[in-house]
Amino acid sequence: MTDAITDEMDMDPIMSDGEHRVKRNFQQKVFVNRSLTLENIKCYGFDMDYTLAMYKSPEYESLGFELLRDRLVSTGYPHELLRYTYDPSFPTRGLVIDTLYGNLLKVDSNGNILVCSHGFRFIKGETIQNYYPNKFIQRDDTERFYILNTLFNLSETYIYVCLVDFFTRCTRYTNLLKGFQHGDLFMSFRSMFQDLRDAMDHIHDTGTLKERTLKNLEKYVMYDPNLPVLLTRIKELAKVFLATNSDFTYTEGIMKYLLENPAKSGNIKASWRSFFDLIVVDTKKPQFFAGGNVLRQVDTHTGKLRIGTYTGDLQHGTVYSGGSSDVICDLLGVKGKDILYVGDHIFGDILKSKKRQGWKTFLVVPELSKELQVWEDKKNLFEELKRLDVFLAELHKNQDSSSTDPEISSIQYRMKVLTYRMDMSYGQMGSLLRSGARQTLFASQLMRYADLYSTSCVNLLYYPCNHLFMAPPVLMPHESTSPYPISFTPSDLSVTKMRQKRNI
Amino acid sequence: MTDAITDEMDMDPIMSDGEHRVKRNFQQKVFVNRSLTLENIKCYGFDMDYTLAMYKSPEYESLGFELLRDRLVSTGYPHELLRYTYDPSFPTRGLVIDTLYGNLLKVDSNGNILVCSHGFRFIKGETIQNYYPNKFIQRDDTERFYILNTLFNLSETYIYVCLVDFFTRCTRYTNLLKGFQHGDLFMSFRSMFQDLRDAMDHIHDTGTLKERTLKNLEKYVMYDPNLPVLLTRIKELAKVFLATNSDFTYTEGIMKYLLENPAKSGNIKASWRSFFDLIVVDTKKPQFFAGGNVLRQVDTHTGKLRIGTYTGDLQHGTVYSGGSSDVICDLLGVKGKDILYVGDHIFGDILKSKKRQGWKTFLVVPELSKELQVWEDKKNLFEELKRLDVFLAELHKNQDSSSTDPEISSIQYRMKVLTYRMDMSYGQMGSLLRSGARQTLFASQLMRYADLYSTSCVNLLYYPCNHLFMAPPVLMPHESTSPYPISFTPSDLSVTKMRQKRNI
Amino acid sequence: MTDAITDEMDMDPIMSDGEHRVKRNFQQKVFVNRSLTLENIKCYGFDMDYTLAMYKSPEYESLGFELLRDRLVSTGYPHELLRYTYDPSFPTRGLVIDTLYGNLLKVDSNGNILVCSHGFRFIKGETIQNYYPNKFIQRDDTERFYILNTLFNLSETYIYVCLVDFFTRCTRYTNLLKGFQHGDLFMSFRSMFQDLRDAMDHIHDTGTLKERTLKNLEKYVMYDPNLPVLLTRIKELAKVFLATNSDFTYTEGIMKYLLENPAKSGNIKASWRSFFDLIVVDTKKPQFFAGGNVLRQVDTHTGKLRIGTYTGDLQHGTVYSGGSSDVICDLLGVKGKDILYVGDHIFGDILKSKKRQGWKTFLVVPELSKELQVWEDKKNLFEELKRLDVFLAELHKNQDSSSTDPEISSIQYRMKVLTYRMDMSYGQMGSLLRSGARQTLFASQLMRYADLYSTSCVNLLYYPCNHLFMAPPVLMPHESTSPYPISFTPSDLSVTKMRQKRNI
Amino acid sequence: MTDAITDEMDMDPIMSDGEHRVKRNFQQKVFVNRSLTLENIKCYGFDMDYTLAMYKSPEYESLGFELLRDRLVSTGYPHELLRYTYDPSFPTRGLVIDTLYGNLLKVDSNGNILVCSHGFRFIKGETIQNYYPNKFIQRDDTERFYILNTLFNLSETYIYVCLVDFFTRCTRYTNLLKGFQHGDLFMSFRSMFQDLRDAMDHIHDTGTLKERTLKNLEKYVMYDPNLPVLLTRIKELAKVFLATNSDFTYTEGIMKYLLENPAKSGNIKASWRSFFDLIVVDTKKPQFFAGGNVLRQVDTHTGKLRIGTYTGDLQHGTVYSGGSSDVICDLLGVKGKDILYVGDHIFGDILKSKKRQGWKTFLVVPELSKELQVWEDKKNLFEELKRLDVFLAELHKNQDSSSTDPEISSIQYRMKVLTYRMDMSYGQMGSLLRSGARQTLFASQLMRYADLYSTSCVNLLYYPCNHLFMAPPVLMPHESTSPYPISFTPSDLSVTKMRQKRNI
């Protein structure tokens, strides 16, 4: 087996010589929010879905979308909905559904609205205030606002937009503030959202999506020959565990494809389970990071749970169900700060493991490939935005506040155009991480809770196993020696201006 | 009246000519976390305590400390406690009391422990792990951890440290993990904390602290002649309200001293109430920013509440009690994003007004004077820390992970010494905002929730009334063009190293 | 149609002449806790399961038991469990599972333990105190104690007893206080209970029990020709609704059998829906009596829900899903006190409708047939118990408290024997309603919340439609002129006795 | 000491010979809800206020009323309120304030409204439905409904009625559904209730009521020479504790008066504390019966708490503060079912100790004196009510439901008159325990949770110390051999009647 792996690694063009490393491109980089030495990491944990197993986009989201759409039609929604197909250019992760008004919102970390759409129609500043007078939402109101945090939510996001679009434009229905009326029936945005959640639960409970995925792994799941290489390398130096919310059968199907793929990796015969010291399925994150559940053994022959609770020592290759982060630390004999946990779910994987357990965290952000690409291509737009910002400030200080300078308006208009152009380069709802110069809620959570982040976990392979990931020191505004805040004091005395005002 | 004010302003050396403005020093600056144009602000709100009214330090904290100490002794604590006096060099705002183990903690935004003291004894790395195996606390556990967020808490913080110190060293008491034993009596850290809270409530309920303050305003409250100037200037351009948790009698006593001080401001006869469009006492922040309470009128002759709820329009100079942020917006006819609220309480004033209501926020941080001073003086230590950090990374990449480089240890030791020296420059518990290169929980909340911050609200006077406060754009690590993250890839192939390892 | 019904009624031997009415036996009586005039009832509501549809016992419970047992074995429980079969003489409704110790408890309304079994082994006074020192449980602790309130719970009750019995006696397992140990596996009583709940959910979610019932209605559901007669009669005088937690498909299957049965009721062609003014399925009681859920129409052709919320007027024969008790009152135009609601679930149907909505209530208690039979047969035991009680009191007053009278012991022993004999006449866990002279929790809830109760709802037929059900006035002890409390004052002066005691 | 006590007991005319016992009147009886042998009681617990210490009525309630009234006026309520004085004939314990509509309600155990007043105006059937369409309240809605459970609440009840009365009749105020309007002020019933609660808290916090009581004990507290006799007698046979929510100073003042009263009991010199094995003040019932609080020693010289928690064994005569029912059982070495707890608060003393801890309970109901008196005097009214009830039922069965019998109406009217006359015999809000034939919420709780009840705890003295209190067996309606339910079957066939109806 070691030979096979060594061959595999030698085959890897990126690792084979120093020259390539120089060319290491953005896509392969791991980015750092807080400094971290791999040397201190004694244990690596991995989520499975969208972490070890990357789903092919938009094939996988399309599949989810179609299952949801068909389920909704089969529960009574109009057949016209079948005409909609998934459009990957529309939805972005991290958006918020306002179940009261049926809007899709993009917000910053404080709840200020950055973008708002109703169906496919984008709502602009003036009209937004009809819905949200302060252009602001209390996002703690989770009864009303639903955050679409995961990549699994993309199909859900899009179908909800399609529903709103359909009923808004369908002449049989009257548009009301909180929904649609058709004869005796009132279809509230809230009930449509509830129907969508029920459809999602149905697809999950019946296992349709998983079944379809397992039947056509080539179509839906990316195969990455570097993954077994990474896991092998890590396992020699540290403990490795898998902690997934998926059930055993699905986990086994996916992991065999990724780690025991003879068609791709030659004659590897090692079981996928041998790559891990501990495998836990049905973890029910985020509860897993709080009280957790009972830990049971899985019978790997039948996929069924053993009755009773496992109380013994760790046995290699055993698969468990349930448990909690505390139990895992006990079984593996490690402390929270010695663990680097790699996952894709900003809330369930990253925020919770960091905040409740003090784990080190690595967020997988597949969208980063595109984000980096666009950033590279359109950096000039951002630079121009920055220049205009400074210029605007200059203008500002030179004008009297009582008059409105037409030049200021024209600059502000130009800035809006630039922001829009930047946004559109990412997709119709713009970037996952920003809208013009402002960051999204998702971006701020990423910066607060993820120590590291990258397009894929496999990128860890491009760093030595004792690598020191180093973050720049964060300076507070008063500590900073940067030219900001630039002082835009008017040249004339403010006292003078105030006197003038008073005379008016 | 206008003449008087104009004179006042002319008298102000800072405002009188451009030259001084150039010299505008750090102490007078307003710092910016998120860009904000004063031109858009239609309404200014002010907290009173530690915002309009700056208490003299350490006189005021000493007074609070003595009242607490004497109360504890009168409720049965040993007379030996009377020997303790307030030491302003010890406590810092934003610390956390662990009521289980009696420790005082300084933590970062994720709950990692930066500094830990038990009484006056500082606990170091190895010993910390006895208490906190992961050097981490779940700070959501508010049953156990009590955050000392306000300047009012400083005396409380210090007396708790004195209590722990006394019993730890008193030979009559046996030291146990969760408290002290003396014969039949067990004094838990938790019960000591409870006694302290009760003493605090007693002082508050009996009004002793307020009474003593009002009797000697010169001793305890700073008088700033610029304050009436600021309020007058603002009121000509925007609406102004006062929203304080204090009661009417105390508010009137303090505000008269600040705004109707004939000894200081000459012949000003205007009532302090005329500086505000709306005055609200007994606001019960933070509830004020959620559901709030009933709004009642205060009879300004008797200081008593009028019965019933006020339902009419805003009347100038009327004083109200209770209410909520929503009611205030209605009465003043403004929206949340048009308000700049100035306060000193990171949670009750700033976080809540920002998160629940979308207000613009200005945090008053009196400690900033000292923080800025130390930062200027000791910036070289921080620069050296940064250089060592980079150097350490360089060393790191050039050594094999299996051996420990003595040079690395010596650098790490040097870094600890530098961090300690920096910390000590601020006081025994270090800076309010950082410990070496790491930021405190308080600093991270300040950056997230306060749009502006400064040593005093009066510093607004040094900016024109249409000033554009401009924040530098925040770049995420993958967007940044800075030299970070520096790539510390080992020159030898990591694959080679792995092979070697495998052979061992 | 009226002819058919009239014929039907003429066919009814019970109704056809006065003589039968005289013979009206206990089984046909409706009992009264609080007076109620049918004349004032403007609306009758019915639950379906165990109310309109009486399941055949023990066939139906046996079916449930077997499905549960087989499911548990298929999830890993030992095959030996298959040897157990349902024994209707063991379980009683209203028992409590203590999930901590695996015991089955019968308690009174204040939580005092009346009977306790561990598996099939009954635990006696002394041993009970090992588990429950005060012979008392805090039944509000619903995390620990699970009340088996419904007839559906009988099979669940029995399988849990079988599980505890099996593992207690199986030599492979070691008996511990909170469960069983087998090698590395610990099987807690709590986890066994959880497995049982999961198995129950599985059977419910997959619809197995419902499917099997619908396939063999003759075997599992009693057909009562009087039911359509009752509903017809009521509907002429008042409004009638059906409110069931079952889904539409199952409801339709059952109700067709009961109300459209051509084999039994001749050529009736009326739809079962025509018997009701309003039919609501999926009611989710008890939430139905609180906030409730969205009300949707059911497409009676497909059984699927219509999308959107129904907002129109009541349409006869329409089937709805969800809703709430408030919505039903609105649709039918009745107030809570005008409704007589007939159900079998003491908590979900009766307590909640009474306490939250002020409805009149009629509890169906099928066990009452047996209870009445045994009561008739064994009344002499109860009379003897009462006599002994009085005799004991007499003895008591004539003896000195410091000595123990052997006669008292022998009477107390005799009373225990009588209580046991009475209990055994009902079944192994005794009566649903009492244990000797003490009433069960179920009995006390029945008396508090059910205005009327009877073996079957069809018994309403034996009373005229303007019948006044009359309860005897309840007198409080101090109002009562009954011989109780009998004064058992010792004939010698208590003072004397006290003096004597003091001398000893 | 024993001599003194023996003398004392010999002096007691009631105990001195058998003849008196024969005359033992209703006022001296202890009534029994559930059988209980004193012989099994190993520990007696007593509440103080209204249990050991009986306050003189109406002097004490008047004092409370005046303090509340004056406080309200001093906080801004109109001076006209000072004209109101306490009227003991109006309020009854156990009433409910509806803070939404300002009504005072008397309800039965299921929330059905028995009596309703608005100020002093009684609201009748038709008008009640404007407020409460179903003549029913959801009394679980404790945000809206406030239950006045204790004798301390009587003054509060009455002042609220006065407030509503005053504003309703004052021409300056407009009557609205939820309060009163006067110019810009809206005085909601809810805010008036809040003001009342605040006034109550003020009186409690400042200790005014306690101070006034201690200054004039003769006026406000009944002295009963039998109390020390009872406690002495009990203490020889069982353990005795005092558990009061009052503080130490007040407790000592009251208990000295009751137990160390030289003016009354001669030369007794024993400390009041010697009557108890354990004294606990500041118990914070009902929390005392749940988690409880920290147990501290009270320094009986200073009345202050000792710092730290007491962890030693029970010391006789020591006074503690706080604690919990569990701690008390531990200190005294008794189990819950061995304790008879005597108190006056149906919720805080009786329901909680019974439901949470399984204690035996004895409810002191001072009102019972009057209730018994009226019951004796007016029993004939109740008998006539019962006769009319039966007669009504007879009439009922003989008439056709479609017609209304004038005789029925006249009987129903007569019954209303009788009910009203009975109610008025008790006071304006009627009896504590019933309204005509229906029992109040208070009565039903008394029957469920109090094992024994009596006018005073001293009545225990009239029973020997091994007395068996015996309750009559409670029969359920189907078990009863009483003439109820009388069968009022119409003589004509109901079928016939239905046929006739159908023809119409």
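All chains are identified by letter, namely A, B, C and D, in their written order; residue positions are counted from 1 within each chain.
In this text, contacts are C-beta pairs under 8 Å (C-beta built on N, C-alpha and C of every residue); 3 or more make two chains touch, one makes a residue touch a chain.
Just so it is clear, the structure is predicted and the values come from calculations on it, not from any experiment.
The minimum number of touch steps separating chain A from chain D is 2. Mean C-alpha positions place chain A and chain B at a centre distance of 33 Å. Once the centre of each chain is set as its mean CA position, chain A and chain C turn out to be 51 Å apart. By the document's touch criterion, interfaces exist between A-B, A-C, B-D, C-D. Residues of chain D touching chain B in their complex: 74-77, 180-188, 191-192, 194-195, 205, 294, 297, 299, 304-312. By the touch criterion given at the top, residues 2, 6, 9-10, 15, 17-18, 21, 24, 26, 29, 31-33, 35, 37, 39, 109-112, 133-136, 138, 140, 233, 236-237, 335-337, 354-358, 368, 371-372, 375, 386, 389-390, 392-393, 396-397, 401, 433, 437, 439, 443-444, 446-449, 453, 463-474, 476-480, 482, 484-490, 493-495, 497-499, 501-502 of chain D touch chain C in their complex.
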